[in-house]
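In order of appearance the chains are A, B and C, and numbering begins at 1 in each one.
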Amino acid sequence: MAAGCRIDALADAVSRAADGRLAFSLHGDASRRIRGVAPLQSAGGDQLSFLANPRYRGAVAESRAGAIVLTAADRQALFPEGAVVGATLIECANPYAWFAFAAQFLAPIGLPVPGVAAGAHVASGASVDPAARVDAGAVVESGASVGPRCWIGAGAYLGTGAQIGADTRLHPGARVLSSCVIGARGIVHSGAVIGSDGFGFAPLDGGWIKIPQTGRVVIGDDVEIGANTTIDRGAMGDTVIEDGVKLDNLIQVGHNCRIGANSVLAGCVGIAGSANIGRGCQIGGAAMIAGHLSIADGTLIGPGTLVSRTIATAGYYTGFFPLMTNRDWERNAAALRHLQQLRGRVRALEARLKDGGTGED
Amino acid sequence: MAAGCRIDALADAVSRAADGRLAFSLHGDASRRIRGVAPLQSAGGDQLSFLANPRYRGAVAESRAGAIVLTAADRQALFPEGAVVGATLIECANPYAWFAFAAQFLAPIGLPVPGVAAGAHVASGASVDPAARVDAGAVVESGASVGPRCWIGAGAYLGTGAQIGADTRLHPGARVLSSCVIGARGIVHSGAVIGSDGFGFAPLDGGWIKIPQTGRVVIGDDVEIGANTTIDRGAMGDTVIEDGVKLDNLIQVGHNCRIGANSVLAGCVGIAGSANIGRGCQIGGAAMIAGHLSIADGTLIGPGTLVSRTIATAGYYTGFFPLMTNRDWERNAAALRHLQQLRGRVRALEARLKDGGTGED
Amino acid sequence: MAAGCRIDALADAVSRAADGRLAFSLHGDASRRIRGVAPLQSAGGDQLSFLANPRYRGAVAESRAGAIVLTAADRQALFPEGAVVGATLIECANPYAWFAFAAQFLAPIGLPVPGVAAGAHVASGASVDPAARVDAGAVVESGASVGPRCWIGAGAYLGTGAQIGADTRLHPGARVLSSCVIGARGIVHSGAVIGSDGFGFAPLDGGWIKIPQTGRVVIGDDVEIGANTTIDRGAMGDTVIEDGVKLDNLIQVGHNCRIGANSVLAGCVGIAGSANIGRGCQIGGAAMIAGHLSIADGTLIGPGTLVSRTIATAGYYTGFFPLMTNRDWERNAAALRHLQQLRGRVRALEARLKDGGTGED
C-alpha cells in the first residue's frame, strides 16, 4: 500500500473491520494520506501512531505522526480546547484496537496465489481447495483437507486426514500431523508441530512401555500458534485449543490439555498433560503448568511461575525467585534452605517471651 | 483394527508382548470383542479401560467399559465375591503396563510401505534398506545408513554418515545430522534436531572464537525423542543417550552429556554441557540441569527445579518458588530479598534473650 | 586432515588466524605431527590438548597428549626447569583461544560445493552467488539474496527479499523468513526460525486483534544461532542482533529486542518483546528476560533467573530457588508463603524487647 489512503477512508475501513465494536471520532484534517504505521517517536507525516498509555503522553507532543489514535481523556489533557494540533486525531476508547485494525488495512496480507507450486507434493486423495496455495517443498498427505484461501508454506506438512479450515495459513515448515484439525483463519508459524505423540509410558521392570497416542489435536477458529511451539495429540480423546487462543513461540502443550477460548500464552510456557486452562486466561512467559489441574477462567499467571495446583478462583498469581545480585542471592538462598528452622526459632522466641521473656533455655 | 478382537485373543497378544513380565487372570466373559481403548468415564462396551490408582475406584462403578484391567486389591474392594460385574475384568499387578501392551496391539503402527517416495532425495552412496520407507521431501545424504523397516517421514533429514537402526522412525521434519547414530526401535518426533553444534567458544578480546564440535550424538535402542527437542553433538567425544531413555518435547541436551538408561525427562527440560545423568532418573518438566555435574541413578527431580550441583545420593529433590497471589508474592519476595538480615535479627534476639532478655541494645 | 600437520605449521596457522591477538611460545619437539584434538584424559601422541584451569593440573601429568597449550604459570608449576616433558608445550596467556584456532585448522569446515542441487527450489528472481551452495529440498524465494560461499542446507528456507552475507551457513531446516537480513560468517542451526511474527494483539471485547508485524530481524556479522531458536521480527521497526552474538538452542527472542555485540546467551533463554540487552552480556541457561527493560553492557545473569526490571549497573545477578530435598522444599516453601508475616513477628519481638522484654501481649 505504497500509495496509502486518506484518513477518512482508513476510518471507514476500521469501522467495517470492527463491525460496531469501536466508536470513534476524527479531529483535524481527514483528507491527509497515511501510508503506514510507526511509533510516536519515529512516525512521519504519512504515518499513523497511537497513544494507549497516559504515561507516554510526552511522546505525543514531540511526535511528527500524521495521525494519532488516543482516548478522549488523553486528547483533552494534551490538546485542551483551542490548542494547535499538528496531527489528525482519532479519539477512541480503545486506541490500540483501532490502531490494530488500521495497521491490518495498511499492511494487508493478501490472498495467496492459488495453486500447487512446482516442487510441492500433494498426494492423490488429498483435497486442496482451488483457491488455496501449496508452496514448494510442502507435503499434503492423502485424506488431508485444505480449505479455501489457505496457504501451505514452503516445507510445511499436512498429515493423513488432517484438516485446516478456510483462510488458515501454515508458515514455512509448520507441521499439522495426521488427523489433527484446525479451524478457520488460523495461523501456524514456522516449525510449529501440531499432533506429536503425547508423553505416556507405563513403567515395567525398570523400563517403559509406550502408551499409543490415538487422539487428535482439535483447534478452533482464529487461533495463532507460535514458531516451534509443540502441541501433543491426546492419548485417548483429544487435546483441545478453543477459538481465539493465541500461543507464542516455543510453548509445549501436553496431551489431553484444554485451553479455553481467547486465552493468551506468552513464549516458553510449558503445560503438562491433562491441564485444563480456562477461558480468557493470560499466562506469562516461561510459566509452567503442572498436569491434571484446572485454572479458572480469566486467571492471570505471572512469568516464570510454576502452577502446581488447581486455581479455582480467578486472580493474579505469581511465583518466581526475585532478582538480586549473586552475592545477595548466595546469602539469601543459604538462609532459605533453613527457613523452616528460622520459623521455629521465632516461635521459640515468642514462646519464651510469653513465659516472661527471661531468657531461660 | 475396526473388527477388534476377543478379550482372550487380546490377552494372548499381551502375554507374548510382555514376554513373561506380566502375570494376570481374566474374570468374566472372555469372548467379548474389544475394538479400542478409552478412559473409564467414556469407554463403551467394545472398549478396554484400566484402573491404576485406587483413588479412581468410583469411576469403575459408573463405567460402561467392556473390559477393565485392575489390581487384585481393587477388584476385591470393588467386586467382592458374588457381586454383579458388567465388564470383563483383567486382574494384574501392573494394570497400566497390561493396558499399554493391549493398546499397542489394538492400534498397531504397522510396517512402513517399503520404498523411496517420489520427491524424496536419497543420495547415491546412501544405504537404505529395501524394507525401509523414505517419504516425499525427505533427504538422506551420502554415507547415511537406514536400517530395515525404518520410516523416514516427509521432510526428515539424515546427514552424511548418520546411521539409524532397525525399526526406527523419524517423524516428518526430524533431523539426524552427520555422523550421529540411533539404535533400533527409536522414535524421533517432528522437528527434533540430533547433532547440532554444541555451544563452545573461547573468549578473546571481547569476542568469541568457535570451538569446532567434532563429536557425535550416539543414541541407544528404544529411545524416544520429543518434538523440537535438540541434542548437541560432543565437542570432543560424544553426547550419549543410553537405551530406553524417553525425552519429551522442547528439551535441550548440551554437548557431551550422558543420559543413563531408562531415564525419563519431561518437556522443556534444559541440560547444560557435560552433565552426567544416571540411569532410571525422572526429571520433571522445565527442570534445568547445570553443566559438569552428576546425578545419581534413580534420582527424581521436581518440575521447574534448577540442579546447580552434583546429586550424589538418589532421592527426590525440588526447588521452585511456590505459587501465591501476586500480592502475597510481592510481599514475600520483598522479605526474601532481606532474608539473610532477618536471620541475623533472629540471632540477635536469641543472643539478647540468652543474656537475660532485658531488651538492652 | 587425516595426515595432520607439524606443530610448527599448526602454530603458524594459529598465528595467522589470531592476527596478532595471541602471543605464544613453543617448548619441545616442534616437528611432531598433530592430527586432531582431544581432552587431556584421552588424547594420544598425535593429538593436541589444553589446560585452561589450574584445577586440572593433575590431568597434565597423566596425559599422553602430543601437545598441550597452557599458561606460563601452569607450565612453571608443572614443569620446573629441567623436568622431563613428554608433550610439546605451547605457552600462551589464553590457552583456550589458541586451542580454538588450532582445532578450527585441524577440522576445517571447507568451502561448500558451489551450485544448486537437484531437488532444491530457487525462485526466478532470487540471487544466489555462483560460489554458494543450495542443497536438496531447500527453498530460496524470489528477491532473496545469497552471498558468496554461503551454504543453504537441505530443507532450509530463505524468504522473499531475505539476505544472507558471505560465508553464512544455514544448516538443514533453518529458516530465514521474508525481508530478514544476516551478515557475514553467520551460522544458523537446524530448525531455527528467524523472522516469525512477534506476539502482538490488542484486546477487544474479550478477544484479540492482531497487530501486523511489519518489521524485520537484522543480524550482524559472526552471529551464531542455535537449533530451534526463534527470533521474532519487529512489530514496527526491527529486531536487532548485533555482531558477534552467540545464541544457544531453544532460545526465544521477542519482537523489537536488541542484543548487543558479543553477548552470549545459553540454551532455553526467553526474552520478551522490546528488551534491550547490552554488549558483552552473558545470560545463563533458562534465564528469562521481561520485556521493555534494559540490561547494562557486560552484565552476567545466572541460570534460571527471571530478570523483571532494568539492570542499570553491570554485575552478576541471580535469582533461582535453591535445590533441596523435596521434604525440605515442602517445609521451606510453606514457610516462604508466610515470610512477610514472619518478618512482622520478628519486628514485634524486637519491639517488645526494646520495651523491656517482659513478654506482655
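Points to keep in mind about this one:
Everything below uses one rule, namely that a residue touches a chain if its C-beta (ideal position, glycine included) is under 8 Å from a C-beta of that chain, and two chains touch if they have at least 3 such contacts.
Note that this is a predicted model, so its numbers are computed, not measured.
Under half of the residue numbers at the subunit B-subunit C interface are used by both copies of the sequence. Its C-alpha atoms superposed on subunit B, subunit A is turned by 120 degrees; the angle is given in steps of 5.
Averaging Cα coordinates per chain places subunit B and subunit C 27 Å apart.
Counting only residues that touch two or more partner chains, subunit A has 137, 155, 173, 191, 228, 250, 268, 286, 320-322, 324, 334, 336, 338-339, 342, 346, 349, 352-353, 357.
Interface of subunit A with subunit B (complex): residues 121, 137-139, 141, 155, 157, 159, 173, 175, 177, 191, 193, 196-197, 199, 201-212, 214, 228, 230, 232, 236-237, 250, 252, 254, 268, 270, 272, 286, 288, 290, 300, 302, 305-309, 311, 315-322, 324, 328, 331-332, 334-336, 338-339, 342, 345-346, 349, 352-353, 357-359. If you check the complex, the residues on subunit B that touch subunit A are 18, 21-22, 36-39, 42, 94, 96-97, 99-101, 103-104, 106-107, 109, 118-119, 135-137, 154-155, 171-173, 187, 189-191, 222, 224, 226-228, 244, 246, 248-250, 262, 264, 266-268, 280, 285-286, 303-304, 320-327, 329-330, 333-334, 336-340, 342-343, 346, 349-350, 352-357.
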